[in-house]
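Shared chain: chain A. Partners: chain B in the first complex, chain C in the second.
Let's look at the complex of A and B:
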């Protein structure tokens, strides 16, 4: 996240009214070249990100059902916002997200760090293991949802999970087809874990290899036992910057959880994260673009708030060295 | 200097507790975990080549008696799921997205990093500001824009709005800032302008970086679901992921066909993994850590 602004080093060169004509011409040429490089991208960014967000903010004050250009009579003020905030379904979706994040963030973090540490120690077949754990990253959430729903956790006898449970004499479980909590969470969390863990593992491996070896040697000389002691006093502090970044990335990815929820439990109102809810209100049968936009903006504010708080608690300033 | 001492030094043993027993447990743990990680792939392959009766059989079958190759023909002739068309769409969308993103973001990144224009920093801050908008919530605003352009169910709607990736442009800028200036200056002495230096010197010498960005963009585009679902309203414009999801939620499904479709949807990326994994790992390390 180290954002340095020391670009365009000689940007100030050649300023001043009294510059000779040739120099002013050169300045012109420089700006022209700059815009040749940057303008296509910048125009696209304006048209497809900046203008839509502003437009959507405008729509959020109107009753924009099935339309993107409401008339002044449709103006509802903050009506969409109060409707969203008092809508029990929207509140439920925020609770669903919180529960999901409470599971997925620590579990993904611990598993990816654990795998990275294990891989860092192994000598035999290291590249093979790394590829295997990273391979699910090539799998889309749609494909994974398909396997999880129709083969592993399909809730009938021939499903893999129930076949294994049967070996231990446990009765079959309906998994996704039970609306009460523990079981469907297991399905959803395990799916996301399987896809993502290799990605964060790669980040941790890269960071582990940056730790100077002499720190371990010094600790060894000082009598520290390799293992728990070096892990808590050398490895973990050295991984601080990466850990903060990984936690942020997992949380941001969790906010955007959509695919697996829609496909696995999309019809279950008790397990609908905000994005699925917004999708269903704004682009479902009825295109409620006004309330949908209001919900999206509320969500954006919440994300910004949480990110700021997290940055404050985890010490954003300390991750500068990257 | 005996071997005895060398073996005791921690450097010789990599990190962590290095007793022989610990190493074996570690290796065993990794082996068990990798089997677990491979199970879903095994299931896809097994189910894709089984008949429906074999999949739902009461006893667990490790592999079909005879691979049901006829599933392939059935899948591609099934009129309810336009699988061939979806594959074509996905290939087009992913390729165009990768090429377009790379071109637009690399030129913009180079301009921001290297051309001494007075307001370059202001433009850069504008790009940074758009990064603060959480990606997923822009789908409603972008849908509004794309629908007023009339690009619903259209290749343009699937590709063009995804090209202007502020994050990739940011990565490119950071990369070009660290590109050795001497090389470009040599080119300048030889009479090349910025444009010439960019295409003849900078781009040919940035192969690894660009390949890493390209591979990760391609994978992301091939696997994306929300945007193609929002834009691809008619079956003609479905990507593989959207076709697969419709298949999954259909009333009557042939399990073997469903898994074969999943296999087909995954295959191109498995090839990417086999041959370009180095770039992918590099891309992950780059994009992840800077984020």
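Let's look at the complex of A and C:
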């Protein structure tokens, strides 16, 4: 559609007197095309994001238990916000999330960069290895969480992980459901790495291939040794723009962590990130849509704050200035 | 309320798939387009002029044939067209959003569930006193009490599902032990029965600590909430019990991380454990696997009290928003109060349940002998029931307390005080 809309003015340009009308028609058609492509997404954004967010903000000032249309008598002002901010379970969930983010962000970054560097040097079957590491990204968290929970890390003797441990004479471990020792972090982190690393690895490979080869040659001429020296002084600085973007993406993905936590450790109070807690408060048995909405807005403010700070310190968006 | 649920985790997963926020966003545009198209169609086929349409919601029962049975009952009803909505996965969440719906066909007219006070306060359900008036003395006092808020009856009991411990007599005899009657005996039995391949006891994966709160309370002759709606249990009782539960969890005789939760009998069927917490519904499956080598005991007594049995089950309600409340009530009366054939079929032909109508229990031949008869006996002697004034928030507070004390070794005193404060706050806001 876009092609025909652009081609139209050229085709009619030679006929002289029809040109203005044709241009108007072309403009109209171009904007129709634009709206045809954009409207479904915009309507979806409006219906499924903007309206719910505004409605949720409205609900956050009411005692909206079991209802999405509270009456004026249910008005509680900022009551839901104070309840949420003083709720120890909500505070715990924020701590849980911080621990998770502090761990998963650097580990994912290091693993994907490491894999990218290795694959970039591989001569043999490069496309094969790239696909193998990228493929898990196509798997849904729900499916992966079930595989991790029910076959690899189940607590009985025939679980894959326990079978391996058994070979070394180690007793079986209940990987999930027990906070001490917190083996569940191993399950969650390994699952997330398995799914995510391939994607960021591809981003890094693309960036690595953009680095001009002559930089390395010049460094070699100047006596820099290939390896650590060129990595720290050429590769890493050249990857700055990509690194900042990848860090941001990993952090955002960590904020959105929900599926695997709900499925793997949803009932364990010490392993509940904020989204799972809010889901249970507002959509589970409790149906407290007012307090849940207040919590969601508090969380949104926190995310905005962290993103702004991160942008300030890492300079996301100013990467051209380097 | 984990202890009260019987949802299959893998099915919950599928339901949660639909709730995935990112997926919602991704599909948002598509769905909006589809919605716009279907709006052009206008007639959705529901609410047509040919008589009354009723939508009836069930959670997905695990036993084969149950969905077909529900559809058979619906088809047999002549005064309305009843559509069955059989909901796999997280039923509570699906039901909650269904009850928010405004349009006929989107909401259930008749649904199964468990009563809690918020359903009444937010006007979601209608009282059913009139259809139950003639048969009040044909239900157990517990089955009436759990469906009563402020003197009005809101639910009709469909099935009684006692939950207790199944054990393998042969395994106990091999160790020279008798079925445990106290929690101390249960701990030593679990330890003795734990071998390389078999764990002594399976209580559940994610609720093995939380589900023992009520047994601790009821074993001591205490209760969740008193008749005056005050906290009905003491710190002393709860902490003594919780510390014993911690001792059990610190031992290595509990099965943790089984492929299915305890509502499913797979663990005892596959010999992963010698004793398992489960419900009467699973008895036919377990007998099929182990024959005579199975029996049941109530949950052993804490601290010199009495054993306990949780009398779970399901009730039916009528949605107050229904466009056909009277017709829905008539259907409920026809199916779950008067229809002896279908009530017995539902209770006995798939998994086992105790028919709630006392007068029908005599016809339940399947429950007259063996472990089934014993299950009925202990359910009647030691059973406790939910209290509809005990809100999900209160349950979450004690669940968190049990998890913190038992699994994380938190300070029991402080944990109890925190939970009690949450419960008291909830009581004050409801009855204050």
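Rule of thumb we're sticking to: the second predicted complex is superposed on the first by the 268 of 322 C-alpha atoms of A that agree within 3 Å, B and C clash if a C-alpha of one lies under 4 Å from a C-alpha of the other, contacts with A are read in each partner's own complex, and residues count from 1 in each chain.
In the analysis below, a contact is a pair of C-beta atoms (placed from the backbone, for glycine too) under 8 Å apart; a residue touches a chain by one contact, two chains touch by 3 or more.
Computed from a prediction, not measured in an experiment: that's the story for all the values here.
Shared-chain residue A:180: touches chain C; no touch with chain B.
In the superposition on chain A, contact of A:155 is made with chain C only, not with chain B. Contacts of A:269 after superposition on the shared chain: chain C is touched, whereas chain B is not.
For chain A, the partner that touches more of its residues is B, with chain B and chain C as the two candidates. Once chain A of one complex is fitted onto chain A of the other, the partner contacts of A:256 extend to both chain B and chain C.
Of the two partner chains, chain B and chain C are each touched by A:68. In the superposed pair of complexes, A:168 makes contact with neither chain B nor chain C.
When the shared chain is aligned, chain C comes close enough to touch A:284, but chain B does not. By the touch criterion stated above, A:89 is placed in contact with chain C alone, chain B being left untouched. In the superposition on chain A, A:34 makes contact with chain B only, while chain C stays out of contact range. Put simply, chain A uses residues 40-41, 44-45, 47-49, 68, 140, 142, 145-146, 150, 157, 256, 258-259, 262-263, 275, 279, 283 to touch chain B in one complex and chain C in the other. Remark: chain A residues 40-41, 43-49, 65-68, 88-89, 140, 142, 145-146, 150, 153-157, 159, 171, 174-180, 256, 258-259, 262-263, 266-270, 275, 279-280, 283-288 touch chain C in the complex.
Interface residues of chain A, counted against chain B in their complex, comprise 1, 3, 5, 7-13, 15, 30-31, 33-38, 40-42, 44-45, 47-53, 55-56, 59, 68-69, 115, 117-124, 128-129, 131-152, 157-158, 160, 163, 194, 199-200, 202-203, 206-208, 213, 216-217, 219-220, 225-227, 230-231, 235, 242, 245-246, 248-249, 252, 255-256, 258-259, 262-263, 275, 278-279, 282-283, 289, 292-293, 296-297, 299-300, 303-304, 322. Considering their complex, residues 9-11, 13-18, 23, 26-27, 29-30, 33-34, 37-41, 43-44, 47, 55-58, 60, 104-105, 107-108, 110-118, 120-121, 123-128, 130, 132-145, 147-148, 160-161, 163-164, 166, 169, 173, 177, 193-195, 198, 219, 222-223, 225-226, 230, 241, 244-245, 248-249, 253, 255, 258-259, 262, 265-266, 269-270, 272-273, 277, 280-281, 284-285, 288-291 of chain B touch chain A.
Residues 1-2, 9-10, 13, 16-17, 19-22, 24-25, 27-33, 35-36, 92-93, 96-97, 99-100, 116, 118-119, 121-122, 124, 197, 205-208, 210, 252, 255-259, 272, 391-393, 395-396, 399-400, 403-404, 407-409, 418 of chain C touch chain A in their complex.
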